[in-house]
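By written order: A, B, C and D. Residues from 1 in each chain.
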């Protein structure tokens, strides 16, 4: 498996999430339905093969591990990511994060406010300052791909 | 100067304090009068000569230094003390302490409640748990001359 | 039926009125504080605030008296021989670091051995590791039996290697298992070792009696014993406290300072550099005073009832893998839902306002052992019960767990 | 006339209502706490109490958010470049010990030199001494001028010995003199040294700007800045914090633990082992938030007024020997009554409900210097003023001092 393949496999998954699941989540009547959707999201993303999970890709969250691969298409100035997590709910939430930022230009990525977007999806509580579920750490890692001023 | 001499010089001073000054202190109308008496007490005790102030005699109080010499007359089972302090008020208070315990037998010393006696002289606040003025430390050191059970 | 009135007990905690929706089962991480503790801290600041051991004035003398009274209260609670055997630290972690650092050179020499166990909290592993590596001291580790108990046969064998120090926890913070500490201390002493007990969880279950246990060191944190954060206790026998090299140097702990030479003050001051957490110590002693209004045997019985109800409820839920044994358990249960990541289970409980913790609980070596035998390679969900928890809360947790399993395995 | 309303300011302190008889001039030892701080600590325990960085549940996430917000507040107050440059410790003493311990081996090698000054608090002397002696590092000391100021000519000369570390206090806790820290940092950096500032007294006088000062480390205690006991701040530039060997090892500060190998977590966690003083950090940030309602320039002006009144009153009392200079003074005055022991003077002030401190104020090397030149062989009486002190209190102190002199010299 190569990074190109992973990126290629991720794309349609994100598209599906964006077009179908996000609305489902936003409109979920109760938390159970929301979580049922969330747990499906993770499954749609391709898993990063074990041997590609290099230590430097590990995003440190306290209670579950996650990995992030970043690819910057310099010609078109587009940022692409692949991610994986041991925990399903976290992976689902991270998949949403990915939907929001995948393919962004550097400028877009830099000014992107993840917290705000999560808020609109009624998911804000997940982006607390806690490192508990690794979600904030993932958000920080994605933001860190944005070159320093 | 020898220990014998110091002990001999201390005795009449303590007698005078006991007979006159303690009553004055107990009956002092205001704090100023009480302190005027206290400060005289220290002067009545002979000073321990500098070269006798061995480090092991130093009683560690935080803010002023004091020294204690102990002599146990084993034949008569009587405890005698000499003390000195840099600070006058502390020395005065220690002189009172000395009046109360000098010449006690081991049994008397062991069961002696200094706090209670100070209370009766309206001096209790000075025997707080603070090491500030070294008074409590001095009381502990005197008590420590009482052999462990 | 116990004589313990949990509803009356609960009324002392403002937290439960403030957060009525929550079932708090993360007690092994930190406990809630009764009003008596919160009030004691506030009252100190409002009425008696002053620095200690320094004052030429009565305010400071009163603050010092309160602080030293707090020391006496702790010393009384653990039946120390002397008040100065109680050293206030910022927590159990700080206390264990002080011990490990303080024994290097003074007691431990290159080539010496120390003995730990497989189920220690990181706070009782990493301090030893860091210093031992540097000084060339060898660490041995007591393994576990198939039931996740300490292997006492192996323990005896390892003691024959003559470790100079043996350090182990009173109660495992992951499994809740109560270790046979009295027996372990006895054997370690017979082998000539200095004994250190990590009582962070142990002191919460039951007051430990230092003269009876006769260990050399015992440490715990205030915040796990109904007390404030930022305060902990390092108990040590005078002889060993005198031996420790202070990890912190500063104000009150020295006797005289020049640029040529510095001499240390006596105990407890030599190990308490700088302004201590005065309000923290006073809060901890308020916690102990308050706790002593209750009968500890009744509290233990109450917690046992909760534990029994929890275990029996768990047995009715499919696919639950329980890592903790119900016997000799202080009220901590580690579990997993088969094939599910503990973070997912905990998150679904969180959605239902059940507060538990998931992960490796700062005990990675334990989990690397458990992973070989169980569904525990990602850690576990930990439900830890306190005296203020109710049977109703146990049931709410069980229902929530059922719901979580349903969603996860749908 | 300043725009600062001291009576309004004072109303925020329950202490003054509780102890109306007292004039508290021991502010350099510890300060009183405004209601905002006491309430923030209570509110945390009542509503949000949970452990941080660990929770799989929202209560813990909220506690973590509050704790990290406290870090951000402190970072903002001192204008740090990054929140993770603020490490919470148990106090200034702990912070200085972490720096001294953490630089050994990693930066300081046998034969290296460090530079301190004659007027440091023991907390900025003894930690260096202990480690330096062990590792064979040489300590140089900047002497004082006849006016008890740092000798800046000698400082420049000592910098030519190329010390790897220069550590000095922002404001002397005995004399109150404000050091020329900006200039000292500039010169030390030009000489290639790492700069450490003991800001225990400095931060109380004025918020320090880390980006402007550009020192490598700056430390202070919460309890001297209207905050709780048991909390302190170690500011460091990321690069240097990364370099420090942690003095405490334990729970959150490591990344992975096995009995073979342990790796550290990133900043700030690698230097914050164990459960931190959560309520303490929240209380400190409440103090800073509250303080920012006031104009610091007006507070400085108010304190200057008090100082002027005090000095002018002192000049009318016979036999007073003042050790502190009135210029560049942060509001701390050390003095003696000719030929009298400072403990006697302080005790007579205490009788009149004036709270001051007497002794060597944890700065024995300074006093061994002062003793050669002054009536200071037994230390000094220290009157330290805070924003909440009033002109009336200054006058009460002066009257009490006059009374004390009268009794002592009768």
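Convention: a residue touches a chain if its C-beta (ideal position, glycine included) is under 8 Å from a C-beta of that chain, and two chains touch if they have at least 3 such contacts.
Since the structure is predicted, the reported quantities are computational estimates derived from the model, not experimental observations.
Chain centres were defined as the mean of their Cα atoms; on that basis the chain farthest from chain D turns out to be A.
In this assembly, the C-alpha centroid of chain A lies 45 Å from the C-alpha centroid of chain D. Chain A and chain C have Cα centroids lying 37 Å from one another. Between the CA-based centres of chain C and chain D the separation comes to 31 Å, rounded to the whole angstrom.
For chain B, the set of residues that touch two or more other chains comprises 62-63, 133. Taken residue by residue, chain C touches two or more other chains at 54-56, 58, 60, 342-343, 346-347, 358-359, whereas all remaining positions touch fewer.
Chain contacts here follow an irregular pattern that is not a line, a ring, a star or a complete set. Inter-chain contacts occur between A-C, A-D, B-C, B-D, C-D. Looking at the complex, you find that chain D touches chain C at residues 14-15, 18-19, 22, 24, 26, 29-30, 32-33, 37-38, 41-42, 45-47, 49-51, 54-60, 90-94, 96-97, 101, 116, 121-123, 125-127, 129-130, 139, 141, 221, 223, 228-231, 246-254, 256-259, 262, 273-280, 342-343, 346-347, 349-350, 354-359, 362, 364-365, 368, 381. By the touch criterion stated above, chain D contacts chain A in their complex at residues 53-56, 58, 60-62, 64-65, 68-69, 252, 255, 265-266. Chain A meets chain C in the complex at residues 31-32, 35-36, 39, 62-64, 86-90, 133.
For chain C in complex with chain A, the touching residues are 340-344, 346-348, 351, 358-359, 378-379, 403, 407-408, 410. Interface residues of chain B, counted against chain C in their complex, comprise 60, 62-63, 125, 128-133.
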